[in-house]
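Quick one: structure below, then a few questions.
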Amino acid sequence: MARDIALNILVMHGPNLNMLGVREPNLYGLLNLDAINSKLQKTAADASVNTSFFQHNVEGELVNRIHQAYQDGVDGILINPAAYTHTSIAIRDALLATSIEFVEVHLSNVYQRESFRHHSMLSDIALGVIAGFGSTSYDLGLQALILHLQQHKKT
Amino acid sequence: MARDIALNILVMHGPNLNMLGVREPNLYGLLNLDAINSKLQKTAADASVNTSFFQHNVEGELVNRIHQAYQDGVDGILINPAAYTHTSIAIRDALLATSIEFVEVHLSNVYQRESFRHHSMLSDIALGVIAGFGSTSYDLGLQALILHLQQHKKT
Amino acid sequence: MARDIALNILVMHGPNLNMLGVREPNLYGLLNLDAINSKLQKTAADASVNTSFFQHNVEGELVNRIHQAYQDGVDGILINPAAYTHTSIAIRDALLATSIEFVEVHLSNVYQRESFRHHSMLSDIALGVIAGFGSTSYDLGLQALILHLQQHKKT
Amino acid sequence: MARDIALNILVMHGPNLNMLGVREPNLYGLLNLDAINSKLQKTAADASVNTSFFQHNVEGELVNRIHQAYQDGVDGILINPAAYTHTSIAIRDALLATSIEFVEVHLSNVYQRESFRHHSMLSDIALGVIAGFGSTSYDLGLQALILHLQQHKKT
Amino acid sequence: MARDIALNILVMHGPNLNMLGVREPNLYGLLNLDAINSKLQKTAADASVNTSFFQHNVEGELVNRIHQAYQDGVDGILINPAAYTHTSIAIRDALLATSIEFVEVHLSNVYQRESFRHHSMLSDIALGVIAGFGSTSYDLGLQALILHLQQHKKT
Amino acid sequence: MARDIALNILVMHGPNLNMLGVREPNLYGLLNLDAINSKLQKTAADASVNTSFFQHNVEGELVNRIHQAYQDGVDGILINPAAYTHTSIAIRDALLATSIEFVEVHLSNVYQRESFRHHSMLSDIALGVIAGFGSTSYDLGLQALILHLQQHKKT
Amino acid sequence: MARDIALNILVMHGPNLNMLGVREPNLYGLLNLDAINSKLQKTAADASVNTSFFQHNVEGELVNRIHQAYQDGVDGILINPAAYTHTSIAIRDALLATSIEFVEVHLSNVYQRESFRHHSMLSDIALGVIAGFGSTSYDLGLQALILHLQQHKKT
Amino acid sequence: MARDIALNILVMHGPNLNMLGVREPNLYGLLNLDAINSKLQKTAADASVNTSFFQHNVEGELVNRIHQAYQDGVDGILINPAAYTHTSIAIRDALLATSIEFVEVHLSNVYQRESFRHHSMLSDIALGVIAGFGSTSYDLGLQALILHLQQHKKT
Amino acid sequence: MARDIALNILVMHGPNLNMLGVREPNLYGLLNLDAINSKLQKTAADASVNTSFFQHNVEGELVNRIHQAYQDGVDGILINPAAYTHTSIAIRDALLATSIEFVEVHLSNVYQRESFRHHSMLSDIALGVIAGFGSTSYDLGLQALILHLQQHKKT
Amino acid sequence: MARDIALNILVMHGPNLNMLGVREPNLYGLLNLDAINSKLQKTAADASVNTSFFQHNVEGELVNRIHQAYQDGVDGILINPAAYTHTSIAIRDALLATSIEFVEVHLSNVYQRESFRHHSMLSDIALGVIAGFGSTSYDLGLQALILHLQQHKKT
Amino acid sequence: MARDIALNILVMHGPNLNMLGVREPNLYGLLNLDAINSKLQKTAADASVNTSFFQHNVEGELVNRIHQAYQDGVDGILINPAAYTHTSIAIRDALLATSIEFVEVHLSNVYQRESFRHHSMLSDIALGVIAGFGSTSYDLGLQALILHLQQHKKT
Amino acid sequence: MARDIALNILVMHGPNLNMLGVREPNLYGLLNLDAINSKLQKTAADASVNTSFFQHNVEGELVNRIHQAYQDGVDGILINPAAYTHTSIAIRDALLATSIEFVEVHLSNVYQRESFRHHSMLSDIALGVIAGFGSTSYDLGLQALILHLQQHKKT
């Protein structure tokens, strides 16, 4: 049944993204997180993909959520790790431990900002990376993730 | 007229991309460049966007083509600078000189490869960067570029 | 009314500062955290400044508290980020996102200690930095913060 | 009485170790965390040593648990800090603040992995370090810790 | 007698501080050096502390003045080493040779400026460091210095 | 005859300099390349010096032109290598191979720009370097080159 | 027969370990090398494991002994490479050439000492590493080595 | 037939090698490129190996020629990349894309020259490297290449 | 009056330049400082520009002279900072504090000398930099400075 | 006499090369050292060149053998320094002290291996370097050495 | 005459050495500068060598004194540059400009102190360097200097 | 008795020093090792100091000799570690283990040579260091060592 093969995707937002709209609007635009999630949810639904959403400011809770995703049989993760992009080996290890494929996205062009934002602890184990397009980065990332999972899971 | 405000986009491919399909298929997939260009051309046409395409192995000819794009009134560039990503100040200067907005794309996940591929001479002046999704990187990049140009040009 | 324009200041203490008095007394002196807070509270009250206090060992909870301060209309933060001084981009992003002005203080002279304590992720976005005077660092930081806020807020 | 001088040891596991058995079995073997703890508990009991166990994915909760160990009069800690090995100044400060002696263990040979795993924020303040022997690393670490504490505490 | 135990403090200003008011007002505010000295002198007098003041643009003359302070029995130094902060081993050696305790202050937030201003040759041998509060940095530094000297000298 | 000993100077312009006037006018001023060449030609003619001019965006063509200059008996080269300043070992080798003396000039003050523009692959083998005076850099460079060649060639 | 499958282990000691007891007792304890070897020999014998012992101050002789171990069919090596830990590619190559599995041990906590002792030329090709427990490091290393060899050789 | 299995080898010379004999004779000797090619052609012919030769100063044209070699079924390349040795990722990618085996040669001992000549972008993907023997480097490289190809192609 | 708007230029020479003619003649030529100053004075006078000259070996006296120039209303400075080029933040700060525009010149080609001479503390705040032409560097620098000041001051 | 002018060449093999055939056959091939020496001896004899051979695992004995070669009037050395390539200043000094010309060879392509094998302590004082061709590296090195010595000694 | 050939030696002491006896006695011993000079003067006189002495805390005055030494025909300088050892290019240039041979001495073992004291700006142009023997360093340096000058000047 | 308190000094020479007189005479002068030893022996005898001498090219044998010196009750060592200066942790450990005080000497000015000769593994644990005076370095080192030992041993 289609139901059996429906994809499950988890969208994860790292620290401070709950403040979107407040936080440095010149960098991230005016959209808030709910609006972004709604749009993603709708796009996914149109492709018969189930979505769940999670934002947290605590690194370890992001780790916990990845573990739960593994228990829940999530097929792929769309993640904007925000500040933890550059420092979190724990999130990297959670993704390695669960072997869930993921796409890394960033709202801002991280290469235009402080040099400590130029390196990611996750990029080399991601399917791919998208940065700089504001909330469109999420939209593109979702497309890429669905496309990849459909090509490698369907049967 | 709608015609007057139609967007013109140049798609540029850097060195060795003419060899796509031959070159390291485990990294880049089996698609050749013509197939990629055809798909992009069709997608753009559907959005009433004009496209032109250019591939060259000589750094200076890529510079020349960017200059010509400026003369032709090109609105945006979708570029996969390939090997020149990491070394070409000349291409950077051409993009700075002409102030044409551009999106940088890569077929492979450059962060999984040799360390000299982790740095780009162009990313900090790009609208955004997409890497790792094979030929889908181009598709996503085109979307992002069109969306951006429509939001900032139309009137 | 004076009430309307009364300043609200949040005093934040990073990880392990709940152990003050136990922890390395040769570095930090014998005062415990309650004593420090009481003195600060009294000094602030004398200047008709409201204070609230927060200590936590979890990086993300410090982020959460900064967000709440923004909701509460806090005017300034006096923060000793302790261990997170040197690694937390998340706290930096919380302070950037909320644009609350803050002063960074340290009990010990961080420049006399391990080299990884010589760099701060927060100093370049702080009003100023004070280090090395034991609990007096807090007293001086509070003075500086109140003075700055009074000069830039009053009326 | 023997009871009075019985040693109390806390075994701590850092982030993602709750996923043992799932996570990269080629690196860590197939044992899960409960099995490891049971074996350690039994070995300790044979030496009349009391043990308690703690695993958490949140850095700050590991800090909290070390503080509690200090309150509880724990004599020594056996810790596998996992991902936080390489980044946590907060855990380092908790161990410095409480002055509880500890042994650092790793399941995998960290020197065979990514370069960011070659440096530990804890090793220079540990009694000693053991890495690379799978769950045997814990067994050896417990032995070393008991031996050390017995030589320095008894009577 | 109170006279016998009165503290003597030397306030030292490094190169270009004679130009205060002229020099980069966006960084340092509009106060000139005489005004700063007057305020410090008054504050000190209120605490029965004697002050002397010295500004010079020649590194070696600052060294000479520190030597003289040793001959004169100065108890503490409040120093803004300005440009020599980052390069002067000679001033460091003068302070080491005389063992006079000192507080290091900076008008501007040095961490927001050129990277060569992020390191100080003096901080690790100072009592403490204060930076970023304009002329208030001096006021706070004087307080801290007097407090420290009173606690360690009196009787 | 004076004719026999007339000096021949080649003026070379690197990539993107054909776009002068368009490119970043805040950095380079409004003069275009023809105007610059005309002025140089005239100045040289006044000193009975023959000039030829060359601009190209392809690194290898700049190499070729230096080889041809050697065949033509050119006495000196005035070169603005632009982007290739910082990366071209090939141009360096061409200048070493032909042993033609040259002066290196830059329109902008390269030390105010991105750090990768602070190093030149050519400066240590040049007669001298002039940077930051807009088109005047060329005028000064021509003077210096003529003066040097006249002092070392005449008779 | 049990005899046929008895394990043979070589214990190797690098330079200056013949001076144990003399050398920096605060770092290494008072045990001399003979006492350490005797204890190891006894432990091994209890597990029906044959042992041989070798100490030398010449790097090349340690290489020679590893070669001989290969000829003799040694199953595993317990090595404290001492000073050569940090510099000897020759010993690394000998262990690679013979493919004899080995455990690396250190008496002192090398991470507390000079920075040049923090890197080992051998760790990434060892089964595992143990450091900081004085002569107990050897005891633990022997256990780990025997356990590993028994699990991978027996039958 | 022998003809069918005859090897085809392409000899490539990078930038400035057309100036051989002129360029720094103390480094490269007095031989010109034609003489080198003639000798190589003759040696190859004696071994029934077909040779073609190519020199160019434009990086991208060297890339093009490698692509053509792939189309022509060239078995191996003998290349002196000269200045592009140290900077060309494009040539590296061309060799990776076509998977043609190659030997890297240098006339001079690059380790005696400027430090930027000590690193090659090609060596790690070459069969082997020969440097320092003047034109003899080519002779040895050709031998090594023929020998390798004969051992791996014949039949 | 023309007199009112006459430009005033200060020519500054750093340490050891009083020894010109003695000092390393192979680097600097045989001209002494008086001859250089005379020529500059004459050139300036021809352009109705007033000049003053200053040489000192003490860093702080160069700082003092810049301050005085500010009091005197000097329009521009032509400076050869010599050894202080590479280390003096104090001179940099004096130039920043007074905002007097300046040109930096060097007799020798600093890029051919010890690596510590390749970096200047002043270049990024200079109008431009000229190096390598012996005393001609001063002549060119004076031209450039006068031209710049005339274009930006006159009227 | 021909005898008088016959060349004497010493072939030196560094540590672990006595294990050839055992050691990492995927890197070095299956040839053992005797076979390599025999082939070299025969090739040399055909060219009327005398050869001697030496392998040792002790750095200092390789130094001794170079000294002896000087006493014996050896004309050239063909050396594979193996592990000592990257660390031995003593062998470098022996070759400098005796001024015997030498060729450096490596069996494997050192640039494909660990980064510490990319640098040689000898290359910049060698005639030339050959790496990556298995035992053929020796054959080519012998040719190059004989050719060089014949061109510079004969008569 | 003996008089004609008598050597003249200048003994120079850098910053803070006037404080000898006060300054860090554990590093430098208890001797004051006059005692050191007296002993040197006597030793020199015994060898018929004239001596003069100079101490200053200003870098530029040390430069001036070296210039004067050149005018006075001083044959050699014995210098303890103290803090300026590590930073003064100006003193280096003075010694280069005058070509007076000199010996560099240090009271303390600079290699045991802060890492910024491990590098000297003068050592590579000195005859030799002596460090660590307290005032004996001067005695040895004087001997070495006299011996050298006698061997190279006499007659 | 004088005999009882006579000092015993060991003079050690590192690798290649047996070749003195042959080796790079421009760096080391023409003296051979026997002449140096004879002079030292005579000087020591005049001061009633016993001397022994040792030269070896094998690092481990130098270690052995230091151990033996400890057994023999040697009071001090005068050592020129030559090439091992820069790499030998083993010799450092031998000197630490035996706690014999030593002086480090070098014939040449190591700071004028290759950069890898600028760092010593021994200097920070030596009494002092002398470099650059040819064989006189030994003479001065012996003086310093005897003086130091007499001051700290006598009685």
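Per-chain numbering from 1; labels A, B, C, D, E, F, G, H, I, J, K and L assigned in written order.
We take it that a residue touches a chain if its C-beta (ideal position, glycine included) is under 8 Å from a C-beta of that chain, and two chains touch if they have at least 3 such contacts.
Keep in mind the model is a prediction, meaning the values are calculated, not measured.
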Number of steps on the shortest touching-chain route linking chain B and chain G: 3
Reference interface I-K: repeating pair among A-B, C-D or H-J with over half of contacts shared: C-D
Whole-Å separation of chain centres (CA-atom averages), chain H against chain K: 57
Gap in Å, rounded to a whole number, between the CA centres of chain J and chain C: 66
Whole-Å separation of chain centres (CA-atom averages), chain G against chain J: 33
Residue list for chain L, restricted to those that touch at least two other chains: 58-61, 87
Interchain pairs in contact, sorted by label: A-B, A-C, A-D, B-F, B-H, C-D, C-E, D-G, E-I, E-K, F-H, F-I, G-J, G-L, H-J, I-K, J-L, K-L
Chain J - residues contacting chain L, complex: 58-61, 63-64, 67, 70, 87-90, 92-94, 96-98, 121
Complex interface listing, chain F residues touching chain B: 14-16, 18-19, 22-24, 56-61, 82-84, 86-87, 116-117
Complex contact set, residues of chain E against chain C: 109, 111-112, 120, 123-124, 126-133, 136-137, 140, 143-144, 147-148
